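Next come two complexes built around chain A: one with chain B, the other with chain C.
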Partner chain A sequence: MTARMVPHSRVDEFVARLMEAAEVIAPRRVEGGDVFYGPISSPAEVAWDYGTAVEPLKRLLVPQRETVLRFSVNEGIHVAAEMDERERVFLGVRCCDVTGVTVFDALYGGDIPDPYYMSRRQRSILIALTCQQPPNDTCFCVCCEAGPFLTKGYDQQWTSLPDGMLVEIGSDRGLTLARAHDDLLLPAEPDHLAARYRLAREAETKFSDFRSYIAAAMRKLTMNEVLPEVWEQAADRCLECGGCTFLCPTCSCFTVTDRWEGPQGLRERHWDACLFRCYAREASGHNPRAELGDRMHARFFHKISHQWAQRNGRQACVGCGRCVMTCLGWAHTPAVTEGIRRGVIP
Partner chain B sequence: MKNPYLPELATIQRVKPETYDTTTFTLRLDDPQARAAFHHRPGQFIELSVFGIGEAPFCIASSAHGRDTFDISVRKVGRVTAALHDMREGGQVGIRGPLGNWFPFEEVEGKHILFVGGGIGLFPLRPQIQEVCRARDRFASITVLYGARTPRDLVYRDELEQWRHQEGMVCLLTVDVGEDGWTGRVGVVGSLLPEVRFDVSRGVAFVCGPPIMIRFVTQDLLNMGFAEDAIITTLERHMRCGIGKCNHCMIGDKWVCKDGPVFTYRQMKAMMEFEE
Partner chain C sequence: MAEIATVCPFCGCGCGLYVHTRDGHAIGVSPSRSHSISQGRLCLKGWHAHELTDNPRRLTQPLLRRNGQLVEVSWEEAIAAASRGLGEIAQCSGPRAIGVLGSARCTNEDNYVLVRFTRGTLRTPNLDCSLNIQCLPELSPQHRGIGLAASSGQIADLDQSDFILVVGDDPTEEHPAIAARLYRARLRGAHIVTASLRRHTLARLADVHLALRPGQEARVIGSLLHVLLVEEGMAREAAAELAALRASVADLSPEDTQAETGVPAETLRRVAQLYLSSQQVAILYSTGLALSPVSAPAVQALTSLAALSPPAVGARVVLLSLLSRNNLQGCRDMGVAPEFLPGYGQLNDDAAVQRLAQAWQCELARERGLRAWEMLGRVEGMYVMGDDVIRSLPDMARTRAALEGLKFLVVQDIFLSPAASLAHVVLPAAAFAERDGTSTSLERRVQLIRRAVSPPGQAREDWRIIADLSGAMGQPFPYRNARQIFEEIADLLPIYAGVFYASLEVHGGIRWPTLEAREAQPGSLSSGVTDAAEALTRAAARDTKMKASEQYPLLLTADPTLRPWDGEVTVCQALTLWEEFTVVDRDYPGGMLCLHPEDARRGGLRGGRDARVASTKGERQMRVRVSDEVPEGIAILPYAQAAGSGLMEVSAHPDTGRPVLMPTPVSVAPVQ
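Right, the complex of A and B next:
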């Protein structure tokens, strides 16, 4: 699919057109300077120069608390479900976060699709923004095939070049959108694409020494060769705060509760974390993973074993670095993968 | 797109106490179309809603043959089960399912069939026992070994009595602790295994009970010469969604809800590395 170019002077105009047709979610600076993905009310709000958003797109596709069913009692029980049917464009999304969504597509799609996720996802256009500089020294997407530039997973991928914004097309949806605005999105020249590939190669060399040896960890996890001490060390460091799981673009565990709001009953699902002590506890009190080390093992096996990579289409770490930023105990993914590789967590 | 989280309504037809803390509920889906579409096989489970309290998984405890209702047997142990125990005939619940995989049946024709149940582990085995008994001629032999903690904990007493006296079938009972009036065997269910007389190379064992019982019985069966693929169990786990999304029931590379709940010992062996 041919790439397009939008002159820098007309990018805002294109964003304004997107806003006419759909809710546009983009990186926005909030008070204090942090950047979150959220709905914008004007093209000027887009923080094009941002680093990493505090949170991935997860909350926007799977809210932390979501009503799954409404029920009421009136001569029998009545049950109903509602879907979120907003049309949305996710603009300026970092490559790691786009890749995170592709992992969610496998988890929430598959042979039994989750209708709440799919309803939002099918009405979403994902526009990636490439990283010409690693935004943080905690970034390691380069170890995870999740950036700094992508070759798949996006509807469109934008790269800022001196001449304008290069728009690569990654899907039929991305192509349809480009065609609908072909007065703005002009065909790109071969030089533009050459520049894009040069920038991608350069970007890959700019990452800090901070690395996550996912492949080595994957081999050991897959073959069950991880020393048990590694899980004990990880457990010693983990404070069970759940921060890494809630900020992770690919952590998707949830729990479900019922409650009443007057005569109206609600069934809601909430984010949960497999590292929490009661996560696997059964009604009888039996807890098959009472040990934190066992829960660590289960989490990392799900994230990066070959068994799960096969089921999800890829391993589930995208190298966004949020677990590194949030973990108070140095039990984040790069630390644990290094521990798996070396037999001791650094 | 069909919403797999949307329960069908069902009405409690019958409430039959099994023991002091377990009860069998007979359920019938309210909607005739849903009823006609509800095809279940032994080993499968449902997610049952007590609206306003919550949802929990229960194995279907009856064979589908010849009836448009199904049974679940429930121990009163948590919030949902307590609320369910407070319900009576005519009460409405929500049902999602049938979910999960099922016990092999056609695949084990011609074999010696052994059931080993511990306590309420007999619940998921019951539909398979019923189906196997109904097709008695298609199997070399049928043996049911069942143990409970005390005589008061024995479930499905009427049916146990029937199986004990049924021709072409062996059914032996034991309790861990005898009480006044109990004249039967005393000992863990594994102590009945020496009574197995058939050629184990042609045997298939269906095992369900508390984790510790599954562990020991499985080891005994292996020692007796059962193949790893011929030891079949059904696992229970904390589950929320029942369709492999919430991840609560995950063990290793399997979701108990979607890849199971029925697993062979060969599969279980790899999963056991993830837990104590």
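Right, the complex of A and C next:
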């Protein structure tokens, strides 16, 4: 699909138009100093020049705590689902986070689609923002095929060029949106696309030595060749905070609780984490993964084994580096990947 | 949707976090990257802090006991009942028949207003926080030793330290934000030395682990001082105080210590060498030491170690007392203690008393009052604000019985805590994220806690409840909001001088004393060293050896660093978090008795099986966990389980008089 260009001077105008039709979610700096994806109230709020957001888009698609339905038992049982039906545009999303959503699509939209997720997802447009510099020194998307520029997974992908914002179209939805604003989004020149490919190549060379040999780890995990002591070491370093799973753009586990208030009640869904001791604990008290090392093994098998990559369409690590920042111990993906490869976690 | 920057309500680290709100509900939490403590990280508890709000188990309406049942009443009725009940006791038996407990879970403002209410309105000096048992106020070794009633350094100092000594702490369980820094320090090559009962995860990763058996802390640290002062001749030319300290450790040679404790002499010398070759030293201790039978001399020995300094030019030593709760520091700063006034003012300091009396426009109860455990059985009425007194003190059955025996008990809390379920009046309070205020972390960082959502039902801020009650008792308080109270605190408390509200609005707050107040804080290391010398001499003269016998071959020991949050009221009522913090109780009904594999083998005991544990005080069934973290000959229980077991001796600490769970000889037999 052909690419378009918006002059820098008119980007805000385009954002304002998006805001008229939908809730626009964009990176913005909140009081306290950090950047989160969240609804903006004016185009000026968008933090175009940000590193990475503290969190991926997960919270906006699957909240940490959400009421999914209400029920009552007055004269029969009544159940009403609470669906989120807002139209939303996700703007300025980092490529790793866009890729995370594609993994979510495979997980939540698979054999048994999750209606709550799908309701939000079908009403959202994903606009990626490319990274011309690695935003953080913990970034390793280059090891995971999830950035700094994308070739798929987005509805639109924006790249800031000297002449303006290059808008690449990645889906019918992205195209429809572009066509609706033909007066602003003018056709891009071949030079613009050439500049974009040059910038992408340059960006890849700017990443630090911090890397994660996912492919090597994938082979060992898949073939069950990982030394058992690696999981013991991983367990020594994990403090079971759950941070890596909560911040991971591809971790999707949740738990469900029912809450009665008299004859009525509500069902809530909360984030859960496979590293928690009670995650797999059964009602009998039996715990198939009572040892933290076994839970670490299960987590990384789901993240980067070939079996799971085949199921999700890709490995479930996008190299956003959030686990590196949030790990209390030193059991984040690059460290454990290194441990899997070499037999020792640093 | 909005993200409100605030502070984690759980341990004493003071991590920054954001509460996510939508349509007036707190729907999640995320860590703050820009905050200097959290740096993008949170622990399991912090990640679930929002679950304290919008929680069906919260107290939402005042409760009054009628015919033995707690029934919902209006605020007017509840305040009138509380005022009448407390007034009657004061009238019949005098104000000293009332005891008040403040809270390490509440804000500085709540605690400050409580102190004013207690000393001013009720006129009783019996004011404490049950968690003060984890601090050492009577000796105030740090107060006198460093010139601050708190840690001497800050958490960020760990990032520069090349020698870190961790005594009686398991930071992975107690202070995850500090553990994170220790893991990173290890990666950059800093030397980490742990000294604790259990060989926990950090101990396994440390350069040196000193395996301390119960009651040996002072001896081993004293011996380390011996190596430094006698063998290495450190600080030879220094003042007379150090000569006294040197004399007090003269007999604690590593060889004798090895014979006594089993800690190898060479290991102690290696630790001394690592210390001597370092540029920046950090010494950390926590509840594992503070609740030990020899806490006072051991903490004083550590203070002395901090008063020395390695020979390298510009070498620094910081001492961090790792407080277990979010605002334990602030609670003490505000004067929630029977022996000092807000800001650690002395009770006999007329000027300090006068200043408060003038500001509060009333006379103050200025004598020394009862401590939390001294109140039990001695007062007739109690007022408990967010304090887990039953869980904190070492003998749960005794505490519960004392509360049951009270003529009148008022509890204000966010959940129906064990104490609240015994109360005559229960007042629902606002929780984290439902109120404005400040808290002070273990490194003296004063930070803003911001209101993100409304309290549930009729719950109110703690300070507002107390102000209402004080008004009903004839002493109205002029406070309109938390900011006004804080400004009064900053104005009246010399240690908070210069802590301006504007400086708190910056995420991360500001540490006291500010430059302005530092000048008013004379710090004298020498007095601390003198104290330590005396304490070590006294400790050496005492026979603190606790021996197992043939009939009771194992020494049952309470470990406050093992599963320290299990059973705590806030985490156990959180919507999903409760599961992780009650699982040990469910997996190990009766208690999680941790045994060394060799002891288990000898006793015919297996992990996951029940055992009968007997001491001279009684017998109980518990479930065994076999772990090589546990030293041979010792059986370990988490502190709260030990306090509830009724099997352990509780005796008064010889230096401080406070009740201590003593290691108790037990027999353990399998249940057939």
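Throughout what follows, the second predicted complex is superposed on the first by the 343 of 346 C-alpha atoms of A that agree within 3 Å, B and C clash if a C-alpha of one lies under 4 Å from a C-alpha of the other, contacts with A are read in each partner's own complex, and residues count from 1 in each chain.
The criterion applied here is as follows: a residue touches a chain if its C-beta (ideal position, glycine included) is under 8 Å from a C-beta of that chain, and two chains touch if they have at least 3 such contacts.
Remember, it's a predicted structure, so these values are computed and weren't measured experimentally.
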item	value
When chain B and chain C are modelled together on chain A, clash or fit	fit
Which superposed partner A:Asp272 touches (first chain B, second chain C, both, neither)	both
First, second, both or neither for A:Arg281, with chain B first and chain C second	both
Touched partner set for A:Thr326, first chain B, second chain C, both or neither	second
First (chain B), second (chain C), both or neither touched by A:Tyr108	first
Touching partner for A:Val54 - first (chain B), second (chain C), both, neither	second
Which of chain B and chain C A:Thr257 touches, first, second, both or neither	both
Chain B versus chain C as contact partner of A:Gly243, first or second or both or neither	second
First, second, both or neither for A:Glu31, with chain B first and chain C second	second
Superposition-derived angle with apex at the Cα centre of chain A and sides reaching chain B and chain C, degrees in steps of 10	80
First (chain B), second (chain C), both or neither touched by A:Glu85	neither
Minimum C-alpha separation between chain B and chain C after superposing on chain A, in Å	11
Chain A positions touched by chain B in one structure and by chain C in the second	255, 257, 259, 272, 281
List of chain B residues in touch with chain A within their complex	1-7, 9, 49, 51-56, 75, 77-81, 92, 94, 211, 236-238, 240-241, 243-253, 258, 273-276
Touching residues (chain side chain C, partner chain A) in the complex	1-3, 5, 16, 18, 20, 22, 27-35, 39-44, 46-47, 50-51, 56, 172, 176-177, 179-180, 183-184, 187, 201, 204-205, 507, 575-576, 579-580, 583, 586-587
Of all residues in chain A, those that touch chain B in their complex	68-69, 71, 73, 76-77, 79, 81, 107-108, 110, 112-116, 118-119, 224, 252-260, 265, 267, 269, 272, 274, 279-284, 286, 288-291, 294, 297-298, 301-302, 305, 307-308, 311
Residue ranges of chain A in contact with chain C within the complex	30-34, 36, 38-39, 54-55, 59, 63-66, 236-237, 239-243, 246-247, 255, 257, 259, 261, 268, 270-272, 276-278, 281, 285, 322, 325-330, 346
